[in-house]
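Below are two complexes that have subunit A in common, paired first with subunit B and then with subunit C.
Now for the complex of A and B:
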């Protein structure tokens, strides 16, 4: 690199801070590629269905991803740190069941919110203790708690459902802040900013990246690795609790099968957003765009009356395509050079 | 296998320990002539020669960095020599791959033998050349039977069915040896086979070496322990700084001469001249102990002092240093920093108390690969560069610029991934990272291991500068020139304990080597 050797002095070389400008880095980024895909999906949808561009329809479309995305933000941090939590959907089930049970006991909205958040935190703490204290692999621990948490809901509920949520509770999943802007969408946008700042602008976020890239090196650099990982499990549990409140409020009922299979959709969203499944890399803006893409694809297919199974086939293909494309492009470039 | 003699028969023919029947006219089975090998910045071997004779043990002696492991890698087909000739039984050969070396009858048993923990003993012995049934599938019955015969032949009582994971290190070595016999190796390289064994296991290893000799194998035995060299070797070859400085019969040389030959007088590395300005005591360690790794370590360290820790691999130096840095907790002992008793539960606390550690395993413990240079530098100083938990990139870049310039780092940009740098430059970033924390005590564990000469000199220069600024420096090193060239005082560790402490005129290569190997004055 000519930049490094161009200047020498007695006190050592002047090394430039950066080689590429912010613009150059953005042009080569994953987020830009995702943005292109998002625009393409939006354009195709608006041509494919005359109902797509209706503001209320678009507003409805956001419910397809807002709750999942809230969990995906926390999951992104967890996966960047090299861990994973597959119990998130089951945490929704157990938190929702606890809230439904509290409703039968006559609890009011503020108490229900506290219960939802509290159960989420407790489940996150349970996962976190097993992983950081006992040193168990998180994928195994959370596959276990995935069955455990949902199993508990089934024991409590059987084939029954809890209903009768108080009217005030409906706001979280059904309320609108202004015109077509729902409370959930505002919460999603707010959490996106909070998590983006947390990951990209704080020392905590830096610790998460360092652990994901080299946990031993991070420990040897004074990062309190177990503490950070425990906090991430707590955070993921808490966000699952938040999602449980929104989803329960939106449905107005709790069944043990609530949010079934969401853990994979959340992980898909995170990976599509450019987070390395091996840890160490990824960004919140990427996850936000991935959330929009998945939501719009699902909604567009819904408008076209495409069956659910075709949708999941498409999401699967999209995931593989988006991940494979840059690698294929790099290979083609390398071959052309050679 | 035609050689399936029973164990008893072999016992009858092998010579009793101590009694040597060296046939001085025997032709060597393997001859290396004029072997040279260079790496970028380092000449690892220059024109060395080595001969191995059937039924004899040749000890390869030399310090770390003398070129021993390079020659082993050349013999086993991992490296290709730049110049020189390898001949087996008079025919010139070359080993483009490890498989070729194996096919020519060369096998190596390393300190950490490369075997498969989750496979059975029999599978480990025959992996790659298992007996087949007529359908081309692995003939398990035949394989187990052959494995059992091989194990019996070397006197190992190991069930061929057990998985390797369940065996201790000594038994793993036996499996490796059985594997060597299964491919009918003529030349067996044993690289510090007793480094991590107990006394009883060491005795068993010696007995095994005698058996292999009796079978006519040529054995290259690498060891730092002089007592065992004189016990089991027939011939010696000494390497120093990549050159062969001597070879001959063990019976014709004294231990003292061998040590002198190995250490040499020529310290061709130039070390910075310093006149230590010792200040007040910074660190005092009392009775530091660990259940398995080290015991009763105590010393004191003053400002401006460079304290060397010398010892053989496995003497417990790194383990002790990591306990001092809070990675592991000691079972007993206390430390005092300045005038305070300090309790260190994790590295974070050690850093805040002013103790930092430059690890030996740079790739795993030192550099956080995947993060850019400037973030590696700022990682332990994030409390300083941030405000209320929020990062300030400008401050991080400033810190990285200041300290990397002091260390004369070579890089394209500060946001370059540290993993893209050379070993020496990675080491500079790791040191820069610690200096930015303004430590009281810096521990450098093998600070110049595996880095090029130029970076080596820069690191030495810098250590001297740090000491002159009043920092207390602990340097763990297995390289005698480095220990002698840099240290004001040297503590020698052996088997987890402090064996000796030297300073001033007592600081001689002979003293260090003897203390590390456990040779007392009266033995010579």
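Now for the complex of A and C:
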């Protein structure tokens, strides 16, 4: 859990004599705070509803966040590098539409998976080229492609739906690997490890942090900034393709409105996970815990039949509180020193 | 850490406030709607509560997502499965995408009924249509005939020439015109569900047929435009505009006399009937199979066709006596 090593310049320009020990760093870390919140949410849920502590119910609850979390992992890297992709939900729509179209042409499960991943990659590449080659700001580019990709799905489908996915395809979103452990959950856990290693244990991951902290500095240190950013857009597109496969398989149908509004939930998850929206800081374990918190909060509220709008308010307040907290803490600390 | 404490406290307070008392004996029926905060569905919830009061041992869980998406409804369905409710009565955002989730609900012993907007047959036990094409076709001409005791010329202002629903209703209407002697359907024109085009078509009808006594518009856009055209021509009271419309949009025209009455489904009755059906299936008082007749309280009983679908009733008639009660609803 002590993978986070991102407190680069929080306390000014002093260089400490010794680095803090891993334990000390963990105790003061964002992840610990999130973990406490997660445990609190879990405990409150268990007391609030007699139905919460049931293996099958908990298993069902994981579907509330697994697909979004898969995208959130890639999005975390992208945001750490100082970019953002708001077209992810629309990539799901267009990838799902492409898969649905392929089904009408008689495609089988392996082909569908390839199409889902391929369309995701292609969309990611499109975003990546516009941002890195033409030097356009990613928020503008991806707001554009958000409308573009979903618009294409609407043109193809209108008010119709693609159904009739082959039975084998249902495994990705509805299958169980062992007892209550769903395939989606296993995939989620596997991807969490892959992304944690990628960000925290490879030179690529270090490059992502350095680009986010100081892109010019990173360039002069010999990091190929555009290439890394392009790879991150590709990765985000690919993960959107993976999420599209899971979600389409879970629904068994494609409509152009599929995954509508997910981009904001994904970004919320990433920011709640402690990733700085300005780039340069954040960790995958944080995003993993944030995914659990969001899933458990929505499921817990669902069990109590709290209207969805109250849930949105709560998530919104949580997000604002979580972003404001470190700033307020820093100001208080600064005032004490003065 | 103060934040954390207040967060925990807030969550605890929320949890206590919203925790519903679990009663062992009562049947819990979930009324799942397309999205919360829509007048039509709030009215349906009122009907469901009315049914619950009548039945006595029923608790209604009125719920739905914040926006009209299938994914949102699936999260709601999963939460309802987890609570082991006795029945789910749903107006679906997606005919197909809800099927896997609802199948799971049925596998775990929950009765699933769709109403208003249906689910594919494999995802529900039965579907309640607010009305049927035959009933609608009959109703629209009956509304015109009721105000024309001596008969007269009537014309139809439809949506587009290719609109499936309207064409079926007009076809059904033509089958029963013989039942209303003296009523001559002189023309059918198409306003394409555009306000301005419908308005011009209605004007055209008044000029072409000076003896026109009624305009039947089986579309919520057309009926408003036709009523406006009649008002503007100062023929309110002379030419009666009727058909299918929304009370909120038609209230003014009913008051001005341009429309004496019109029809549409009554959401209160719909929520009431869906609850009654779900209750009767959940208590094994009835079984959903083709040909079955399932009682639904004051709404009579529902006969299921070969697809386990049934039509609730004639469209509900709105006129000056009840428009004020409904104009704020939908």
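Everything that follows uses one rule, which is that the second predicted complex is superposed on the first by the 309 of 338 C-alpha atoms of A that agree within 3 Å, B and C clash if a C-alpha of one lies under 4 Å from a C-alpha of the other, contacts with A are read in each partner's own complex, and residues count from 1 in each chain.
We take it that contacts are C-beta pairs under 8 Å (C-beta built on N, C-alpha and C of every residue); 3 or more make two chains touch, one makes a residue touch a chain.
Keep in mind the model is a prediction, meaning the values are calculated, not measured.
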Problem - First (subunit B), second (subunit C), both or neither touched by A:250 - result: second
Practice task
Determine, under the contact definition given at the top, whether A:209 touches first (subunit B), second (subunit C), both, or neither.
Solution key: first
Practice task
Using the touch definition from the top, say if A:105 reaches subunit B (first), subunit C (second), both or neither.
Solution key: neither
Practice task
Classify the contacts of A:17 with the two partner chains as first (subunit B alone), second (subunit C alone), both, or neither.
Solution key: first
Problem - Which superposed partner A:201 touches (first subunit B, second subunit C, both, neither) - result: first
Completion exercise
Of subunit B and subunit C, the partner touching more residues of subunit A is C
Practice task
Determine, under the contact definition given at the top, whether A:161 touches first (subunit B), second (subunit C), both, or neither.
Solution key: second
Handout entry: First, second, both or neither for A:321, with subunit B first and subunit C second
Key = second
Fill in the blank from the handout: Check: subunit A residues flagged as touching subunit B and also subunit C none
Handout entry: Partner subunit B, residues of subunit A touching it in the complex
Key = 1, 3-4, 11-19, 201-207, 209-210, 212-214, 216-224, 280-281
Handout entry: Contact footprint of subunit C on subunit A as seen in their complex
Key = 33, 36-37, 40-41, 44-45, 47-52, 54, 56-57, 60-61, 63-64, 161, 163, 170, 173-174, 247, 250-253, 255, 257-261, 298-312, 314, 318, 321, 325
Handout entry: Residue numbers on subunit B that touch subunit A, as the complex places them
Key = 325, 327, 346-348, 350-352, 357, 359, 364-371, 374-376, 379-380, 382-383, 386, 389-391, 397, 401, 404-416, 433
Problem - Residue ranges of subunit C touching subunit A (in the complex, touch as defined) - result: 3-4, 7-8, 11-12, 14-16, 18-20, 22, 36-37, 61, 63-67, 69-72, 74-76, 78-79, 81-84, 94-97, 99-100
